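Okay, so subunit A shows up in both of these, paired with subunit B first and subunit C after.
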Partner chain A sequence: MNGLKFSTIAIGVGLVVMAFAAWLGLDYFYFAGYTILQYIVLATAWNILGGYCGYVNFGSAAFFAMGAYSSVALHKFDAVIDTWFPDSSIAPVLHAIFPLPIPILIVFGGIVSGIAGFGMGYLTLRLRGSFFAIATLALAVVLQTLVVNWDFVGGSRGAYIIRPEEIQFAGITINYIVYLFVLMLILAVIALATARAIERSQLGFGFATIRDDELAAEASGVPTLRLKLIATTLSGAFMGMAGAPFPYYIGYLQPASAFSLDYAVNSIAMPMIGGTTSWIGPLVGSILLGSLQQIATVTISSAVNLLIVGILLVAFVIIAPNGLVGLVQEHWRKRRRP
Partner chain B sequence: MDISADLLLNAIVAGLLLGGFYAAVTAGVSISFGMLDIVNIAHPAFIILGSYIAYFVNINFGIDPIVVSIMVLPAFYALGALVYQVYYLSFEKRGQESLRGLAFFFGLLFITEVSLILVFGVDYRYVEAAYIGPSIHLGLIDMPLRMLVPCLVALAMFGLLELFVTRTFLGRAIMAVSQDQLALQLMAADPIKIKRIAFGISIATASIAGALLIIIQPVEPSVGREYIGRVFAICVLGGLGSMPGTLIAALILGVVESLTATFYGPSWAPAVSFGFLLLTLAFRPAGLLGR
Partner chain C sequence: MSALLHVDNISKRFGGFVALDGIDLEVQPGERLGLIGPNGSGKSTLVNCICGTLRNEGGSVSFDGHVVDKLAAHQRTHRGLARSFQLPRPFHSMSLADNLRIPLLYTVHARKGPLRSAGDLDARCHELLDMVGLLKKAKQLPRDLTQVEMRKLELARAMAAEPKLLIADESMAGLSHSEIDDILALLMRMNERGITVILIEHIMSAVMSFSQRLAVLVSGKKIADGKPEDVVQNPEVVKAYIGQ
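So, the complex of A and B:
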């Protein structure tokens, strides 16, 4: 199956999901669906570095929050244009540009988080793998400190983003939550297509050599540092993109919710439970775990549902190291050769 | 900014006291990460568990938190040995420690934190003891006993660990396993058993560190996260597994954090350790006393 065919099928599946949502006509479906799609992007992004290269990123929440807060900063910038540039000729130009549409914010969030990923990688990836993991863990704490002390984006009080009720699009009025849902759906398709393309390309084979034996790869002339930097940048960028529309979705963003450990643990647990070796794993993991959490949050409590995620993560890494995809593959292999 | 001498002096003394405590917090990671090469990021979660045990017994039976922590040492040792056994069988033996082993510890951290939230809630908890409150005055310097006692206990524990590692047969065996596991195997010693003992000891230190933590500050389940950055920053700066290096690094971090908190505000303090970590990794990955 080539890339074009895959994209067509992915878009087709996306359209079916949309049709199903329209047929249901429930706003809640879009709310819940958005969260699951967001996890698909996060899990896929994590897997580009974690699953393909074998480097663990504990700072998904930090990259996600960077995307979210870059949106908040740009949103707030719109309100201060007149105070920052009084009676100058720049102000009308800026007013024409701002407020930026969300697709632009997504690109911007991706750039910010991508740069952060590159910087982190450059500083720590030349050393042992565990240093990178530890540094990403600490990154979340520090960025949270910075945001808490940064009054422009609301500091520890948080920031309100008034979401418009609906948006005009080529003469058609669309509910805003539907708009966000569609954007996230497109982003999820792009993330999955990218992950799949990497898997089948020279880049993906390079990543696999790093995962299997970095020393041997280095000795055989694989430019490991460059490949690792590509992976961290891509992975960080997708996480930032997933975070950029988040303030508009939630309406009120505070550091504790943007930097929540939930994102870090979910973006690790989902690929681990689904299976890390292919793009299907994170997809399966995030759909299953994401839906499970949506149900558990409503029926039990949010603390219990996080406990379930933690226990599932530990159970899967011990019992089924290759995730659900690995279990299915093993089952097929056994049936073929009895 | 107007920096007065007594403010500066007090900040430095407070930093040294804090640093002594940090040394106790890091001791366990120094053994597990520094010597055994096990990236136990769940260590701070075990410390918080120690804090809550000290809190629970202290509130219900009125026993001093430090005494409690010493009483539960064997339980923590057993917990550590158990965790290592699972880790060894599931990851180290199969050569999967880098990705799945890390995820395993992350899962443990998460499970511990969420379980504590479910049992105790997210309110801040604190203990009661005679030395919480009064302070000693030496000229310009104020030393709250709430900081001084944990610092002294921490240093005592740290000294005992250092003696254990350098002077006893078992301690030297642990050092040996950190240097060359294969060689140890050839000498007919069982490296897995030694690692299990060492990891047990590393988790046992979390019990004491936890009790000290809840004496110094009120504790809620997610406080442990702040310590992940600190603990690993100290461990890396100290040169991975070097006990004297760890102590020096802990004191430096304590003083710098205290100065930052005094002159820029306490909300900036958590950023210090991360800066330390990145600078160390970028310029001197072998640590202060590294070879």
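So, the complex of A and C:
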């Protein structure tokens, strides 16, 4: 199956999801669905570095938050144009451009986090294993401290983003949550298609050699440092893109929620539970875990979420260390060669 | 004729320990060189410095007429320097065929441009596996292999990069006599195809039958270099191996 065919099928599945949502006619479905789609993007992004290359990133929340805060900064910028550029000819031009539409914000968030990913890669990729993981965790702490002290985006008080009720599209009025849901759906399709394309390319083979044995990879001619930088940049960029629309979704963003442990833990747990060696793993893991969390939030309490993740993670590490996908593959292999 | 590999006075320290102390070594194209020395004499460190896994502190390494000191390991592989590891380091999540695909994708393509189609790539992987007698296991994972098969895979992967010089780092340690003969025959075949081979080995019978020339390292210094028969008679070599 080639990339175009795959994308067509993925978009088809997306449309079916949309049709189902419309048939349900329930706004909450979009609200919950958005979170799950966001986790599909995050988990897929994490897996590009963590699953394909074997570098465990504990700082996913930092990249996510960077995307979210780049949106906040650009949103706030709209309000200060007149104060920053009084009586200048630039102001009307800026007013025409701002506020930026969300797809542009997503691109911005991706660029910001992608650059941060590249920087993190450059600074830390000579570290291996747990040392790399600790360094990424430290990055998250440093960035959170920076944001807490950055008054323009609200500092520790947080920032309110008042989203419009609805948006006009070619004469059609769409509920804003539905709009965000559709954007995230498109982003999820792009992320999955990218991950899948990598997996089957020369790049994917190179990533796998880094995971298996870096010395042997270098000896076989694989430029490991360059590939690792590609992976951190791509992974960071997708996390930032997942974070960019978040302030509009949540309405009020504060550092503690943007840098929340949930994102770091979930973006590790979802690929682990689904399986880290293929693009399907993070997809399965985030749908499963994401839905469970949404159900738990409604029926029990949102505080149960991390407990669920913890228990499932421990169970999977013991029972199926290669995740659900690994479990199925193992089953097939045994059936083929009894 | 100019040397293919020219190691000029290189040294390497690990903290206070001097692992290599001013080593000079020349290898001519097409030659079969044996490199021996007691444990800890610096053989593997020398290989690592030649291949770029470690950086030498003094002196320089030239390969094929170019100084390669500043090049990363993968760039040296692209230039035609290949090695096998003392302990086999296969890519354990990939099938044997895919293990060989890596140097084809990354080294042969980098050198010649991506000329090969997917079919050609598969064919080449199978050809290489056939050469080392592992064709039947092409789709299996390295963990299904025996020790000797693992060594063969290691050599096949080094071969896949189409090297000018192959450094085989103790590819026979722990093998039985017939298995050693297998590996020796394989290395001979590679040499017949025009590949220069440096064999690092403890098993003297293998080294003696294979090498055209023998170099001996002791405590980071080269103490002998010459015809195998002469080198093993050298009193210093005898002293290093047997003691006084």
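One rule holds for everything that comes next: the second predicted complex is superposed on the first by the 337 of 338 C-alpha atoms of A that agree within 3 Å, B and C clash if a C-alpha of one lies under 4 Å from a C-alpha of the other, contacts with A are read in each partner's own complex, and residues count from 1 in each chain.
Keep in mind that, in the parts below, contacts are C-beta pairs under 8 Å (C-beta built on N, C-alpha and C of every residue); 3 or more make two chains touch, one makes a residue touch a chain.
Note that the coordinates shown come from a computational prediction; the quantities given were computed from them, not determined experimentally.
A.B. asks: If subunit A is used to align the two complexes, do subunit B and subunit C fit next to each other or clash?
C.D. replies: When both complexes are placed onto subunit A, subunit B and subunit C end up side by side without any clash.
A.B. asks: Output check: A:Ala219 vs subunit B and subunit C. Expected answer is one of first, second, both, neither. What do you get?
C.D. replies: Touch partner of A:Ala219: subunit C, not subunit B.
A.B. asks: Which holds for A:Asp82: it touches subunit B only (first), subunit C only (second), both, or neither?
C.D. replies: Touch partners of A:Asp82: none, neither subunit B nor subunit C.
A.B. asks: When the shared chain A is used to line up the two structures, what angle, as a multiple of 10 degrees, is there at the CA centre of subunit A toward subunit B and subunit C?
C.D. replies: An angle of 70 degrees, rounded.
A.B. asks: A:Asp27 contacts which: subunit B (first), subunit C (second), both, neither?
C.D. replies: Neither subunit B nor subunit C is touched by A:Asp27.
A.B. asks: Pick one for A:Thr277: touches subunit B only (first), subunit C only (second), both, or neither.
C.D. replies: In the superposition, A:Thr277 contacts subunit C only.
A.B. asks: Could you look at A:Val304 and tell me whether it touches subunit B, subunit C, both or neither (first, second, both, neither)?
C.D. replies: Only subunit B; A:Val304 stays clear of subunit C.
A.B. asks: Once chain A of both complexes is superposed, is A:Thr209 in touch with subunit B (first), subunit C (second), both, or neither?
C.D. replies: Second partner only.
A.B. asks: Quick check on the superposed pair: does A:Ile134 touch subunit B, subunit C, both, or neither? Answer first, second, both or neither.
C.D. replies: Once the two structures are laid over each other on A, A:Ile134 reaches subunit B alone.
A.B. asks: Please work out whether A:Thr145 is in contact with subunit B alone, subunit C alone, both, or neither, and reply first, second, both or neither.
C.D. replies: Touch status of A:Thr145: first partner only.
A.B. asks: Measuring by CA atoms in the overlay, how small does the subunit B-subunit C distance get, in Å?
C.D. replies: Superposed on chain A, the two chains' closest C-alpha atoms are separated by 6 Å.
A.B. asks: Can you give me the overlap between the subunit B contact set and the subunit C contact set on subunit A?
C.D. replies: Dual-contact residues (subunit A): none.
A.B. asks: Can you list the residues on subunit C that touch subunit A in the complex?
C.D. replies: 51-53, 72-75, 77-78, 82-83, 85, 89-94, 98, 101-103, 105-107, 109-110, 157-158, 160-161
A.B. asks: Would you tell me which residues of subunit A are touching subunit C in their complex?
C.D. replies: Within the complex, subunit A contacts subunit C at residues 202, 205-206, 208-209, 211-213, 215-225, 277.
A.B. asks: Which subunit B residues qualify as touching subunit A in the complex?
C.D. replies: It comes out as residues 33, 39, 41, 86, 90-91, 94, 96, 98-100, 102-104, 106-108, 110-111, 113-115, 117-118, 222, 225-226, 228-229, 232-233, 236, 265, 267-268, 270-271, 273-275, 277-278, 281-282, 285.
A.B. asks: Can you check the complex and tell me which residues of subunit A touch subunit B?
C.D. replies: For subunit A paired with subunit B, touching residues are 50, 54, 56, 58, 123-124, 127, 129-131, 133-135, 137-139, 141-142, 144-146, 148-149, 156, 261, 264-265, 268-269, 272, 276, 303-304, 306-307, 309-311, 313-314, 317-318, 321.
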